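In the two complexes below, chain A is the common chain; its partner is chain B in one and chain C in the other.
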Partner chain A sequence: MKFKTFAAFVGPSVFMMLLFIAAPLVSVFIQSFQVTQPILEQVEVETCTPGFLTQTCTTEIKTVPVLDDNGKTVTETRWVGLQSYRNVLQMDKFWAAVGNGSWNDIMQIDFWKALRFTLSFTLLTLPLVIGVGLAIALAVNNATRSIRGPVIFISLLPFIITPVIGSLSIYWLFVGDGILTAMLERWTGTNISMFAQAWTIELLMYFYRVWHVAPFAFVIFYAGLQTVNMDTLESAVIDGASRWERLRHVIVPHLMPLIIFIALIHLMDCYRVFEEIVGFRSQAHVISLQWLTYDFMTPDDAGNRAISRASASAMLTMIGIVFLLILPLRRTWRDHKGSAH
Partner chain B sequence: MSTSKAMQQSFALRLSSGTFLAFWCVLAAFPIFWIAVMSFKSPVDAFADSPWDVILGPATRANGDGLSVLDIIIGLVVLFFAIRWAFTRLPGLVRQYCPPGLMVLGWIFGAVLYGLAFVLVFFGVLPLVLGALNGLLGPLGAPVLGLTTDHYVAVWAENEFYRNFLNSMLVTAGVVTISLTVGTLAGYGLARSGSDLAFWLLILALVFRALPHSVLVAGYLPVFINSSEILRPVFGDGAPTLYGQPWAVIAVLVSINQPFTIWMLRSFFQNIPAELDEAARVDGCSHFQAFRRVIMPVMWPGVITTGLFSFLLGYNDFLVTSLLLDAQNQTMVPAIAGYFNRETTTTDQVEAVAAAVSITAPLFLLVMVFQRQIVSGLTAGAVKG
Partner chain C sequence: MFLKKIALAGAVSLMGSAGFAACSYENTTPIKSLSAGFEAWKAVTDAMAECGNFQAELDQEFRTKQPAAFEANPSLYQIGGVSNGTITPLLNAGTIRPLDDLVAKYGQNLSPNQLIRINGKIMAVAMMVNTQHLMYRSDVLADLGIDTPTTWDEVLAASAKIKEAGVMEYPLGATLKSGWNLAQDFNNMYAGFGGKFFNDDNTAAVNSEAGIKSLEMMKAMTEYTDPEVLVSDSTYVQQQFQQGKIALANLWASRAGAMNDEAESQVVGKVAMSAAPRAMDGGVPATTLWWDGIVIAKNISDEEADAAFRLAMEGLDSEMVKGANDAAIWLVEGYAPTEIAKGAIETATANPAPPAYPSTTQMGLLHSALGNELPAFFTGERSAEATLEAITEAYTTSAKEAGVLK
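Right after this comes the complex of A and B.
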């Protein structure tokens, strides 16, 4: 294919990606060093209240925003260097907390709290998703042919459901007077509220994520299981390998590329955990990096959006992505070079 | 398959594997099933302590809303035949009456018509007939299962959820059409070009795929809000404010979706033998003609699958739509967040549940109809590496 034809085919797609993905990245990078604020001026105001004999007058200096001809506030954009990053990271508080050796103090700072949750969420759900997905795939592979279709249908439901709705559906089971909370209370005889402390919310979030993603892993592993070499399996049986050893030494190595694929996709998706925070309404207890950026961007009570802080936290989130992708990208690069020669 | 004697499994193993599978199925379906049940009950029943109360709904029944044994039996029978008819007869009718070449439109038209007829019969005609029958039957016609559609009426009619539904449909339809048009061309180009540039484009797409969406929205937001001032030198006074425009959101979602779309379509195009378009090229077609005449007729399975995933992205999105659209043209998923804020009474909560179920129902239908395509789409990228 000539370059010109290739360019004509890929052009529209590349153009859209550059305009709506690459350009915003650059603009976020620039914004994170800038602050846009209304210009303020100080005005001397004399206020007089009627008093006996003479009026009581006080003059005070007020700070008011400058208005232009249309009555809109005039804003200016200034370069502030790393100020927004400092506001997000709050390093002085962080180091003070480290100096005290107090983990709780560090967790009072939004960014570090979000980072802690995002990382533990990503790393803890990964083995669970792969394990549960593999287990379901093996069980379905064992089952009679006729029930496989319905089982796959039911399994796809948690995967396909809107993430916000999925987490809400679990939230409603455990909310104050939800059915499962009532059941737990009857069993344990104590009063349980799942959404009053951070760790129970986190447990439910882990559960939700595994419930939501395990079907994806299951479908892929199930397809992979169909291509396991039967001869190898049978020779393993003849060699006296137990069921567990066959799984460990024949099936898992066969599925290894798929496990890596799922791990990669899962790391990418988990790192941007967000919908759970909305669905479980956990912002008071548990927040994630992407939610932090979202929160800066939603207008506060005065209607202002903290765009520069949002950009700084977005850039900090990006650094994590770079770490996440370095290994797989190096691998792909080596494969590509290997295949070229 | 594994019928040889050596591969046979002990009874205990089969039993435990079967039990595990049953457990998983219950786990997978239970939350969805439960919110569907809750949405039909009066608030007292929906948040009752005992699961039986939630299912049978005594308080709902006490209000006079309920189904008798007869209602349940006839309802199930009608439902069964309606679904069977949809899968056996409907495809034939569509094929018969649809002009060739407009197959996709014909299917959409047929599905919408069928959906309307179903709603009319099931919720319009059936209650009338059954109401009369129940009156005649006496004790057999007495309600046994509490069930009310009040919350759905409240959500769809009073809270004007249909506006959000239409917005969702607009955004989703736009995302699917544009992302498939743009993505198919790119996917084909990438699959047929072995150059380094194609490789780097794919890697770049992979990196873009990993970006959190909030990072991108942080880039759009200031530009979109001020766009009429920024664009004024180009478009004059008619420059639009992009914030709150559905088509701006469509463009954003299409772009966010592009990396995934081109990866998936590329793997489908790689499965179409290159000899096919080479033969057309030998016969004197240009690349575009070959694409138009030879590839397009055989690419539909892959395109439908990719379209399903684009649909899911547009339909399920919360972050982009909630930040870039304003209250007037909000889509369904962010609109449900509006219920949180005024969720003060249990009635509000059950209405939120009903809205959630309304959002889930189309997805349920989607899995039912397109299960095979979804599975093939999930495995397409992975199994071939």
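Right after this comes the complex of A and C.
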């Protein structure tokens, strides 16, 4: 392809990526080293609050921001180096906890608690998604042609549901007196509280994520299965290879690039796990890195938001994703170089 | 054909809403408002809409939008619905205007109690008070011969009795959803134990005896609450009540009306309200007082402000209250308190009275720190002392970032 044609095709996309991905990323990167504060002053304020019949007025010293002549808040931006990262990581507490050898103490620090969950969530769901996706793909591929269409349609449904809605549905099914909990309670005769402890919540989260993402893996694998070399497969049958051996030695190697592709996408998506936390209201028990960033960003009633810590937390999340992707990317790179010969 | 029908239906419904039913004048300036979405706001904005040219945005997430929307010039909304918690960022940024002249012009029907004065200037007009108070199943308590509890110890004793009698497995409801709700319940209890939130130098003072006592009392509560209490918010507790699953809860007065909603509730007429329980003898009811009301944006023309305030007064008139008497504890003239308002009024008029929610920049930061750090205490991962320590540390970090602490 001529470079000009190539540029014309890629140009708009590169421009959009620079504008909507690169530029915000640079700004977040810069903000993670800065702190912007309003200039505050202490003033005596008399505030009157209505009771039901009469008001009570209190006079107290309040800390309020200074306003300039145009009525805008005067702010000051300072470079603080790695202070925001230190505030997020809390390394001093972390090392103290490591020194005590206390896992429980480490899990009291928000970032490390979130990292622990995010990593186990990402790494545990990965093989499950690939395995379940492949299983569905094989099953559909071997199904009679007449029912294939409906089966594909049904298998794809979980993927179509918006993640927040999906996780909310699971929450409603299993919370206190949800339909499924009520059924299980009647069946087992014991009181079941799925949202009362961390491990049951996590289990539901794994289940939900695999249920939600497996159809994506399925579609890709199903497409891949259509391109398996029939001659190789037939000669394997003639050689007396069992079903399992054919899968192990013919089909999986053929699908390997697709498996890497799904692993890449899944790692990126899963490391940013967020909907499950919000949908399951699991903040008391389980939090994720993305939720932590969101929590820093959310303004409280008085309008404060921790932008600097949110930026630092977002940068750390990005660094985490890069680390996770290095392994599969190296493999793709090697394959790519290998095929060039 | 189908499309035609829909178009027709739309046109008819538009015609219906455009009628200037009960408004005393016709509003010609386009006015928009942003407020929370609960029942009382719906009643008020519906009344304002009767004057025409008015668009109301009812959004429970209004608190995240309001500061930025009012800072725009011109402001995106003329009227804002606030509470004593959410007025703080608007006051701090100076994006709402003093209302003294407008009150003099249009506010003849307002009572002095409604005028929120900050440093002598009227900055908001309150329409209702809200507070958390005790709601209980009068039938269950009467059956077991339990008097209406007035202290938290009595609430716990009553819960134990109901549980022992086998009436309910988890007789106590609580809004302990981690985050804002849990932090607010701590604030209530802490106020009940006479705790002070801050030292004079803006450092947090919750790591105190009152803090420990509050946590212990709340832990004692969880013995009688549903095991999933850390995900239960006001709506969840309200539903537990409506479905007859709980007998006692310290819940918002604005939720009381739902108990007698025959479409949802199985316990119509069986839930009574009384003052919020005290945490200690001679103390204040363990709750905080809140108000909801309207503010007018600063970054709009004086004509718009005039029209907006006039419209707001039309929304806050006695006619509106008559139509929605039980939607809130109204401060507006013409309100006739009924049975369900009893608890809130007893709470607000208690002597000594509970404090108003102390809305300041620091309190916002402390509230977040409480919401994030308290859950570990209730899941049993951390002791009360360590939790209060962690709260103080989390507050210090964010207060330094916000510039409140040096």
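Here, the second predicted complex is superposed on the first by the 281 of 341 C-alpha atoms of A that agree within 3 Å, B and C clash if a C-alpha of one lies under 4 Å from a C-alpha of the other, contacts with A are read in each partner's own complex, and residues count from 1 in each chain.
Assume a contact is a pair of C-beta atoms (placed from the backbone, for glycine too) under 8 Å apart; a residue touches a chain by one contact, two chains touch by 3 or more.
As the structure is a prediction and not an experimental result, all values here were calculated from the model.
> Touching A:143 in the superposition: chain B (first), chain C (second), both, neither?
first
> Determine, under the contact definition given at the top, whether A:120 touches first (chain B), second (chain C), both, or neither.
A:120 contacts neither chain B nor chain C.
> Would you sort A:45 into first (chain B), second (chain C), both or neither based on which partner it touches?
So A:45 only meets chain C here.
> Looking at A:281, would you say it contacts chain B, chain C, both, or neither? Reply first, second, both or neither.
both
> Is chain A touched at more residues by chain B or by chain C?
B
> For A:306 in the superposed arrangement: first (chain B), second (chain C), both or neither?
Second partner only.
> Tell me which partner A:229 touches in the superposition: chain B (first), chain C (second), both or neither.
The answer is neither, since A:229 touches no partner chain.
> Thinking of the overlay built on chain A, is A:54 touched by chain B (first), by chain C (second), by both, or by neither?
It touches chain C, and chain B stays clear.
> Let me test your reading of the model: by the given contact rule, A:198 touches which partner, first (chain B), second (chain C), both or neither?
second
> On the A-aligned overlay, A:102 touches which partner chain: chain B = first, chain C = second, or both, or neither?
It touches nothing on chain B or chain C.
> Check chain A for residues that touch chain B in one structure and chain C in the other, and list them.
In the superposed arrangement, which is not itself an observed complex, chain A uses residues 177, 281, 298 for both chain B and chain C.
> Going by the contact rule set out above, which residues of chain A touch chain B in the complex?
1, 3, 5-6, 8-10, 12-14, 16-17, 19-28, 31, 36, 135-136, 138-140, 142-143, 149, 151-158, 160-166, 168-170, 172-173, 177-179, 182-183, 211, 215-216, 219-220, 223-224, 227, 230, 233-234, 237-238, 243, 257-258, 261-262, 268, 271-272, 274-275, 278, 281, 289-291, 293-294, 296-298, 305, 307, 310-311, 314-315, 317-318, 321, 324-325, 329, 332, 336
> Inside the complex, what are the residues of chain B that reach chain A?
So the residues of chain B in touch with chain A come to 1-2, 4, 6-7, 9, 13-14, 17-18, 20-21, 24-25, 27-29, 31-32, 34-35, 38, 47, 49-51, 54, 182-183, 185-186, 188-190, 192-193, 195, 197-199, 201, 203-223, 251-252, 254-256, 258-259, 262, 287-288, 312, 315-316, 318-319, 323, 333, 336-337, 340, 349, 352-353, 356, 359-360, 363-364, 366-368, 371, 374-375, 378-379, 381-383, 385.
> Contact residues on chain A for chain C in the complex?
Checking each residue of chain A against chain C gives 35, 37-40, 45-58, 61-65, 67, 71, 73, 84, 87, 104, 107-108, 110, 175-177, 191, 193-198, 280-285, 295, 298-304, 306, 308-309.
> Within the complex, which stretch of chain C touches chain A?
Interface residues on the chain C side: 63-64, 67, 84-86, 88-89, 91-95, 112-120, 126, 129, 169, 177-179, 182, 200, 202, 226-228, 230-231, 236, 243, 245, 289, 291, 298, 329, 331, 344-345, 348-349, 353, 356, 359-365, 367-368, 372, 375-376, 378-379, 381-382, 386, 390, 397-398, 401-404.
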